[in-house]
Amino acid sequence: MRRQLPFFFVFLFGTFMVVQNFVPHEYSERAKEFLSDWTIIIGIFALALGIWSLIHVSLDKINKRKPNWEYSFVTLVGLVAMIFFGFTANVSGSWLTYFAALMVLLISLWLLVQGILGAGAGVTKAKEKFFAGIGLAAIFTFIALYDKSWAFHFYTSEGLENPLFKHFFSDIMVPLQATMFALLAFFISSASYRAFRARNLLATLLLIAALIVMLRFTPGPWGDLISKTSTWVMNVPNLAAQRAIVIGIGLGMVATALKVILGIERGYMGKG
Amino acid sequence: MNWFERFMKLDRRWIYLFLITVCLLAYYSDFTVPTIREKETGAIYNFIDSLPAGEVIFVAIDYDPSSQAELHPMTYAIIEHAFRKNLKVVFTALSQNGPGMADQAIHDIADSMRVEQTYNGVSYPAREIANGVDYCFLGYKPYYALVITAMGQDFRTPFPADYYGTPLDSLPLMKKLHNYDDISIVVEVSSGNISDAWISYGQGKFGFPLAMGLTGVMTAQYYPFLQSGQVMGIMGGLLGAAQYEDMADNPGLAKDGMRVQLPAHLVIILFILIGNIGHFASRKNRKNVQS
Amino acid sequence: METVGIWCGAILTLAIFSFLYKDNPVYKACEAIFIGVSAGYYAIVYFFDSIYKKFWLGAVTADQPEEWLFGGAILGVLFLTRLFPKISWVARWPLAFIVGATAGLYMVNYFVTNAMNQVASTITDVIARGDAGDINWIQSFGTLVILVGVITGLMYFFFSKEHKGAFGGGAKVGIWFLMVTFGASFGYTVMSRMSLLIGRMDFLLGDWLGLIN
Amino acid sequence: MKNLFNMSRFKIVFTVCVLLSLYSFVNAQAPAVTTVGITPPAPVTELTAVDTDNDHGHSITVKWTPSADDGAGANNVLGYRVMRSNSFEGPFNDTVGVVPLGSTNFENSSSIEEGAEGFIPDNTDFYYRVDALTGDSLVFSSSEVTGPVHSYGQWFNKGLIPVFFAVIIFTALTVLFVSAARKGKELYVRPLAGIEAVDDAIGRATEMGRPILYVFGLGVASDIATIASFTILSRVAKRVAEYQTNLIVPCYDPIIMTVAQDIVKTAYMDAGRPNDYKEDAVFFITQAQFAYVGAVNGIMIRELPATNIYMGKFYAESLMLAETGVVSGSIQIAGTDEIAQIPFFVVACDYTLIGEELFAASAYLGREPLLLGSLKAQDYAKAAVLVLALLGILAVNFSGDLGLTWLVNFKDWFKVID
């Protein structure tokens, strides 16, 4: 019974949404809006599981001294610091007590979690660490209540304006993101060197099409001819193949959706 | 290991080193690259150029900082052209990390208008671009598909107030603007799936002319929509921006970029040739050895 | 504060580029920072985006609250049962909701956009006439090639039919078309990747070292 | 109710110029006209107002035949003003829209939100009147009143009838072939290189004693490509459980992580080795695209997996993963429905499932008759698409000479109005 019920729900929600596509009525529009809101809210609860998995894996790596375990410390500190920044807003200019509170929070969380994981995860003196953690947590709450220079904001989003939160985003995440993306310029050159070899007919077609399009803006006598052929290649054969793939994907998606709703395909529910 | 084996098995790090050195050299040289003019970009330029002063265009800056390097030249070229022609512009930024960058880009372009410029022989006086009069920045709202459909009924439904929090009704520009019927053209600059929503939920439902600025990789995927008429023009990657700048006679970010693009492409083609020369030579050698 | 930000960005940029040479401790540290900070960042952004804005303002403290949203919260809580192995099978219900609703929603949507509309745009007049009625040969050849490309491309994707004889020939032509389009789109994207690298060079040489004229 | 302000800028400008031009035209033409001004034009005839079809309600379409003096006769009609009131005799002071000369209809609609500006409640009676306007705002002629009419939402969108039939046919095909497969009918399926490679790749990983890396990419649980990827993971996990190879599944989306953990745990249970399931085989990294890619690249370089399997939705990071995979010497099998990324996988990976092949993979891996049956239905649908496209092209090109005029509107069957 436990395994059949979810498939009944899939069939129920699936047919409802298929029918909803054909009903323009106001109620069906509202239903679609609410159901997509549900998915987003479920997403947040799942995110809690995700963050716990990240913490659990990092701690496991540290406790068992797996290779590269030192870097898991950096990940955990980054995670906790960022969440701390996100929920707090600095009232007055002085940052000293703010950072002191953060340090205390980090150490107390570290000890608490080690204590909770306990001996099973190879943690020595788990009980003492747990109580030390509780003690530090008390100190932290004391600072949080009486230090006027900063405050927690769970119900309003002032945290997003916290300068540290914004600078961590603009000075750490954005350059890292842009540079990782820029690595592609190098990867594209090594991939094309390795793969564009006229080994057989298909590889030769791949090579010729790529060369034509890559030369599309080179100046020179027959520069105009190449750019015209490259536009033609993009507008005609490329269009045809894209359309064939798009139709194929469309039918593939509809078939997969149908298999899932009718319960023919059950793999995703873990029944291999 | 004879020469053609080495040709075929070059260490990738040599390629990377060679690529970065060529880019640095090109970076500091100053030869200009002549650009061709494709009709996909020409369609957008001619449409905007033909609009009488006072018309309203809608520019959707739907990308985030990571693809800014490739898409900013297009946004700058389009908005500079629009402000020069005294067109009014309504902006949105429907990508989650985009609003801050879009806001900064708008102010950049508005400041650049304070200088007198001549384009295609026509001189344009210095202008003060005012928020709420010359442009209105609606900002970001999550779930772009719902926002695009809602703006078809009224901009006020998803955006009661603009990015800076002032209600739309108190902005002189927005008093007369309600939905897409009041917009002459929507120019959507993005690096991916927000464009699909603009095609099916925007242009598909409300039928306004839709132009697109896309990263190189996405351009190929949207040609079918150009051919079926759902999209009236496409600017593909930096080349599209360079063409627009060329037509608007306003050399800017794209022209500088092209100076490095050409040598970089030639480096890649060079290594492809090296690989193939090595391949053919080794195949010929293997034939000789067998026979 | 500004220069600290730029120096921080520059160091991180060089550390990531060092990965091209070899995996090294500096890259490992940057990777760890990036994972931790981004996980924390998106946890906060999604928390305020959905729980705070949609659920807290929309359902709990709104004047006419949308009670429907509580349904989502209940399903979300069911998801947390994963933490307790004994009752973790309950977590399958919210999953059933997500998978079922998605399948139903996209089934018709993609059928229309991908299959129907694309077939409609394939059905065009092969012989393209100029405005004066004279046959525009290049255009007509183009539409003919598109027609052949779409049909042979589709033939390649047939699963339950042996690729032999005439049908096999059609499928072979189809894969040629696919290879041309893959080569063309690969070549087309080289430029966009290069502009990303140029963007980083602007940052390093311009903002950081100030060497740009 | 769209009031005067709602008229688009373009329409205002247009009407104003026409007004000015006509005003000057009238003065220039007839200098001798008496000061009485313009004679009122003929009123609009056959005025009808009906609920707009195929919509979510709150919208009424008003239709009329233009006044005799519009473009002919006295030719002094500038435009039409649509007025609305709540009762037949009631004061008509509610202008819902002004349309330029020559128009024959106007859609008076509002959004579904209660408080929206100009909200039209459903199922409430309204009466409409259309005035033919002239250059002189005082001179206009009103048509008779039409009504009562009320707006309501339709329960079936007639514009989607072609889609409705297509979905019904497709479902019938699938059920037909699945039941045929259930009765044991042997179904031929052409070999797919990418799929056969999965089995040998798992064998290779087992011999070399190195892990298998399974990557879902940047898809979320509500992507169909991700659902297809789940089905592939469930079959890979079954073999991994039997051969006891090491499996690493780094996840970008927490919901996918939860589902994948469930799939792998069940695979180990079905293989009778519940305690071999390692809790951290499936783990979450982060929801930022490039932090996730950095982490997976790090895993590849440090764990040196024998096989990398990329199935699901991928964006710009496809080439980054594939190139790092080449550096770490792994066999790479990729499958995605993201068209822009297929070229990178084709170039950099050993085997690539192109678009639709990703969705067919689960049928191949499991060799289950039911799934092969649904593949057959997919092929018949493709054959139908091919035939219909050819028929359509025949109709469009040769309709004239072959007298297949009825085929001409064939194309409209595919045009979807939603």
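Residue numbering begins at 1 within each chain, and the chains themselves are lettered A, B, C and D in the order written.
Going forward, contacts are C-beta pairs under 8 Å (C-beta built on N, C-alpha and C of every residue); 3 or more make two chains touch, one makes a residue touch a chain.
Owing to the predicted nature of the structure, the values given are computational and were not obtained by experimental measurement.
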B-C compared against A-D, more contacting pairs: A-D
Where chain B and chain C are represented by their mean Cα positions, the distance between them in whole Å: 18
Distance from chain D to chain B - Cα centre to Cα centre, in angstrom: 24
Multi-partner residues of chain C (at least 2 other chains): 16, 19-20, 28, 30-31, 34-35, 38-39, 41-42, 45-46, 79, 82, 92, 95, 98-99, 101-103, 106-108, 110-111, 113, 115, 117-122, 147, 150, 154, 157, 178, 181-186, 188-190, 193-194, 196-197, 199-200
Residues within chain B bordering two or more other chains: 12, 16, 66-69, 217, 219-221, 224, 227, 239, 261, 264-265, 268
Sequence positions of chain D contacting 2 or more other chains: 160, 163, 167, 170, 222, 224, 227, 255, 258-259, 262, 285-291, 294, 302, 316, 339-340, 342, 344, 346-347, 354-356, 360, 375, 378, 381-382, 385, 418
Contact graph of the chains (line, ring, star, complete, other): complete
Residue numbers on chain C that touch chain B, as the complex places them: 20-21, 45, 49, 113, 117-118, 120-121, 181, 184-185, 188-202, 205
Contacting residues of chain A [partner chain B, same complex]: 33, 36, 170, 174, 177-178, 181, 185-186, 188-190, 192-194, 196-199, 207, 210-211, 214-219, 223-224, 227, 231, 234-235, 238-239, 242-243, 246
Interfacial residue positions of chain B with respect to chain A in the complex: 10, 12, 15-16, 19, 33-36, 38, 65-69, 100, 143, 146, 219-221, 223-224, 227, 239, 258, 261-262, 264-269, 271-272, 274-276, 279-280
Residue numbers on chain C that touch chain D, as the complex places them: 16, 19, 23, 27-28, 30-31, 34-35, 38-39, 41-42, 46, 79, 82, 88, 91-92, 95, 98-99, 101-103, 106-108, 110-112, 115-117, 119-120, 122-127, 147, 150-151, 154-155, 157-163, 178, 181-183, 185-186, 189
Complex contacts: residues of chain A adjacent to chain D: 18, 21-30, 39, 42-43, 46-51, 53-54, 56-57, 60, 67-68, 173, 176-177, 180-181, 183-184, 187-188, 190-192, 194-196, 206, 242, 245-249, 251-260, 262, 264-265, 267-272
